[in-house]
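Heads up, the thing below is written out as structure tokens.
As written, the chains take the letters A, B, C and D, and residue 1 is the first residue of each chain.
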Amino acid sequence: MGQSYLELREATAARDRSLREKVMTLEEAANLVNNGDHVAIGGCTLSRTPFALIWALIRAGKSDLSFSRSITSTEGDLIFASGIGKHILTSWFSQGIVWGISKIMRAYTESNRAQFEEWSHMSIGLRYRAGAMGVPFMPMRSMMGSDVAAQLDNLKEIDCPFTGEKVILVPALNPDVALIHVQRCDAYGNAQIDGLQFMDIDIAMAANKVIMTTERIVSNDQIRRSPDQTKIPFIAVDGVVEVPYGCAPHECFGMYEPFFDHLDMYATLTKEKSEEGVAEYLEKFVRGPADWSEYLSLLGMADILDASRRGRSIYND
Amino acid sequence: MGQSYLELREATAARDRSLREKVMTLEEAANLVNNGDHVAIGGCTLSRTPFALIWALIRAGKSDLSFSRSITSTEGDLIFASGIGKHILTSWFSQGIVWGISKIMRAYTESNRAQFEEWSHMSIGLRYRAGAMGVPFMPMRSMMGSDVAAQLDNLKEIDCPFTGEKVILVPALNPDVALIHVQRCDAYGNAQIDGLQFMDIDIAMAANKVIMTTERIVSNDQIRRSPDQTKIPFIAVDGVVEVPYGCAPHECFGMYEPFFDHLDMYATLTKEKSEEGVAEYLEKFVRGPADWSEYLSLLGMADILDASRRGRSIYND
Amino acid sequence: MTESTPYTASELLAVMSGRLLTDGQIVFAGVGIPLLAATLAQRLHGPGLTILFEGGTLGPFVVAGELPPSTNEQRCTRRANMLLPITDVLLLLQRGYVDVGFMGGAQVDRYGNLNSSFLGEPSNPAVRLPGTGGGNDIASLTQMIVAMKHEKRRFVERVDFVTSPGFLAGGTTRADAGLVSGGVFKVVTDLAVLGFDATTKAMKVDALHPGVTPDQVRDNTGFDLHIDDSPTVTEPPTDAELQVLRHLDPERLYTA
Amino acid sequence: MTESTPYTASELLAVMSGRLLTDGQIVFAGVGIPLLAATLAQRLHGPGLTILFEGGTLGPFVVAGELPPSTNEQRCTRRANMLLPITDVLLLLQRGYVDVGFMGGAQVDRYGNLNSSFLGEPSNPAVRLPGTGGGNDIASLTQMIVAMKHEKRRFVERVDFVTSPGFLAGGTTRADAGLVSGGVFKVVTDLAVLGFDATTKAMKVDALHPGVTPDQVRDNTGFDLHIDDSPTVTEPPTDAELQVLRHLDPERLYTA
């Protein structure tokens, strides 16, 4: 964030972009994130959330991280409540429409213990896109006249030198790290994404480091057989971790839908016991389990089968 | 081109964007193009060139058209020589590297009978992209200091209000019409594109009218079974024409490679007889045939089979 | 057509909103009432109407009894014509491909500005709300229909925070701010359908719903509202409309 | 290793260019000599080197005997890692993902500026050339290697038209113009490998090819060129290098 073009170029030139295997464990991946980093989170709301990576960052006891995401759900509660980050840049922040306003988001922001920096959804997408394109800003036509724009100090309004029209310029956002979860990628990081892409491609190309979790690692031969299906190229990826159900309790398109019973349980817990409830949740589901498999077993086989059945059903038509 | 945002909005609002069938003949499609229009051509060099549409525009006797394309090949010669257009905005203009400099391009531009407006390849792509995004310009970092920029009068150089860095702004290009050829689309215009996309998606979204030719019209059900494969949405498409081998003698990814013997013949003809040669070519292959099938039969069954065999071979690995 | 069938306030909102949509429009809709209204219009008078979901879905077919829970999960993509990145879906608004956007909000004011960010003083709010999402972009870039319950605490003189711009301070202030297109088209409530004065851009009553009195509307509105002396009255929901609604949402998830 | 095997000028260009590439680099290459040089480097010392084609291909595997005729047709995509839109491939240069770009040109001058647009006065040219293509973008945004035949008519004091910027007027003029990164790295010809003075940015001879005299180079150069009194001499192409080249291009399409 806030890098000059030369700094961005130097950071990118310093990355090992060679065709190389970069498969690692969740713990090793978490070590790629430095305290103080700005971390962009892929997916949107309950979809393709890189939940295992956020889970690993909390377990690794990271601190002073700032985050950004198109729309923020329960992972935002966990970021605030675990103490790994006190700042989230996003356009909407709560568990999900059906569950109402997040008690945790309210508790932390209303007491100024943490900040929810609100931008319009499109402006966040264009900030990532500018970062991905290597330009310092992107022009846009929304937010003008609103208090959303009024409370932001890094927007510029200019008169278009071609048409004289007012346009807003939003600054490029080049995250220090991007966390992305995909259905398939190879050991080099060439990723295929099914269904909704959200902002993942721009996030990956904008970031100075990309950590990718995947349901499955496939051969590079398979990737090369349909190169027009590759959505993120290996040259932008710094770490690959195979994590089945890596978005649970959120969804991964075509593989599993959200674990609704678990999310209802979480909603009730935080509504009834607020911060105490999320603390219990973190202890039981994040810090407690010995590993990811043990975490999944806490979600329960029945829920995993049910979420998977619903997830795969998108291909039943 | 050069529309204000309100004019662009009004032009778009006036288009029938409803879910409707829009299948028509090549002749009907040509009638959608008005004399004086700026026409953007999809594909690049010898690939996915909407050749049948250009063929139809010449046969319809259009005039005063201006054109733009990422890289221009033999279709550019035919545009100049047929008289349908005297202005082509592009980054590179000749039949192809292996055939050397186009005699026809040279004859028309060196005598100032036609104009080849030269922009850097990326700047053309960003002009279409700005048009597709509904913004008046796009910032970029190339062309500075070069004579390519010096001879263009609609570029702006500014100091970035965030970083102070010099950036060039290129104006949005919203073509009056875009000509696109795809492997598959439905009767509404939902298009799937295999292989190289070139600038086709930005061109389609930027244009005020899109005419799409396709090797094959598939059912809307088939499109809906894999919506993440749709590259151009029906809401942006105004006409659909099924034209097998619609790029011949150029290539269509995965279906047929360029008709090299024909292209060698054309190269020899224009090298030896220059304008007289291209006039003969236009008479025999464009104005002469009764219809597209007769044109294809002039290319010859042997060449069609050979080009198809080579085209499909991309999937043999 | 009989007008005897009873209906809920949510059904009334969905029906009245759906009637504002016309065939062939591209409608940017959230789940709940907006989606029901758009689908109702599609089924009854707009077969060529296209629904857009913020999560990246263009032209889905909404299966009766399988309404999606949000606009960003795979359930929204059933039989869609296209899936796009979020940024590109929102850019369709900016490029001008979208005819109508559907919005809600915690507060709306005289000039149709919407607040979904803060209740109370933004620097020290009584309630931090979930925020704009795509609301600001939709309200900035296309015609918008606002559907919400008609309550005094929601219909306020001035919203605590302009999350999604309506006509700002009225008159030409919206265009002056650089928002040259779009604006609030209608506000649909359980009491009335409201529009905006062509010049002042102040909210006014277009029509009252059957059995609603002007005083009822005034009592539930936090600012002066123009109502004609003999206001038009909306056609009550028809059996056909209610049947389609109840077919779409048999479990009354959004229409209870 | 023997040095006795005869080789063509094109083979010399490919070998000398290939030696400038290192393992793991991302190389933006056109067809012909650049592709041969990059593939040679890949096979001999850079298995992790990645080739980018302007048409939209990232990391293809070049099959021996099946060299593509251009960078924009399907033959370039054989066993590629990814296919991208053209604009996005060029944006990889701007974003900084690319290490080296390979260029040619009709003219190059003292400061490494390249002309592929006009011979003669641009407003009334003797020859209208095909133009920049991606050349201007590559030259503006990354380190570039220029590979061309060493002829007086090509190595000129000042190019007729700056299509692809080198160091412009030398010194800091490139950066002053806003091109803060990239620049001409080396110029490889059939006579020598040339570099640029760290301060003046004027072209100079780094090394002569075996059997080439300083005068030969001067006679074929249209401007003053610094050559050390005892210039280094390049290692001639090895059998291994020539074998790979001839395996890649058995029909001598680009190496005749």
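Couple of notes before you dig in:
Just so we're on the same page, a contact is a pair of C-beta atoms (placed from the backbone, for glycine too) under 8 Å apart; a residue touches a chain by one contact, two chains touch by 3 or more.
Since the model is a prediction, treat every value here as computed from it, not as a measurement.
Each step here moves to a touching chain, and the least such steps from subunit C to subunit D number 2. Between the chain pairs A-D and A-C, more C-beta pairs are in contact across A-C.
For this pair, subunit A with subunit B, the centres built from the Cα atoms lie 38 Å apart. Between the Cα centres of subunit B and subunit C there is a gap of 40 Å.
In terms of their C-alpha centroids, the spacing between subunit A and subunit C amounts to 29 Å. Listed for subunit C are residues 57, 77, 79, 83-84, 91, 94, 180, each touching two or more other chains. Counting partners per residue, subunit B has 5, 134-135, 140-141, 165, 167, 195-197, 224, 228, 317 as the residues that reach two or more other chains.
Here the chains touching each other pair up as A-B, A-C, A-D, B-C, B-D. Contacts from subunit A toward subunit D in the complex involve residues 5-6, 8-9, 12-13, 16-20, 132-135, 188, 190, 205, 220, 223-225, 227-228, 230, 233-236. Partner subunit B is touched in their complex by these residues of subunit D: 30-32, 54-57, 69-70, 72-75, 77-79, 83-87, 90-91, 93-94, 117, 122, 125, 127-137, 140-141, 161-165, 168, 173-174, 177-180. Interface of subunit B with subunit A (complex): residues 4-5, 134-141, 154, 156, 158, 160-163, 165, 167, 169, 171-172, 194-197, 224-225, 228, 317.
Remark: subunit D residues 23-26, 47-50, 57-59, 61, 77, 79-84, 91-92, 94-97, 99, 180-181 touch subunit A in the complex.
Contact residues of subunit A toward subunit C in the complex are 44-47, 70-71, 90-94, 96-98, 101-102, 105-106, 109-110, 116, 118-123, 125-126, 128-129, 140-148, 151, 157, 165-168, 195-202, 251, 253-254, 257-258, 311, 314, 317.
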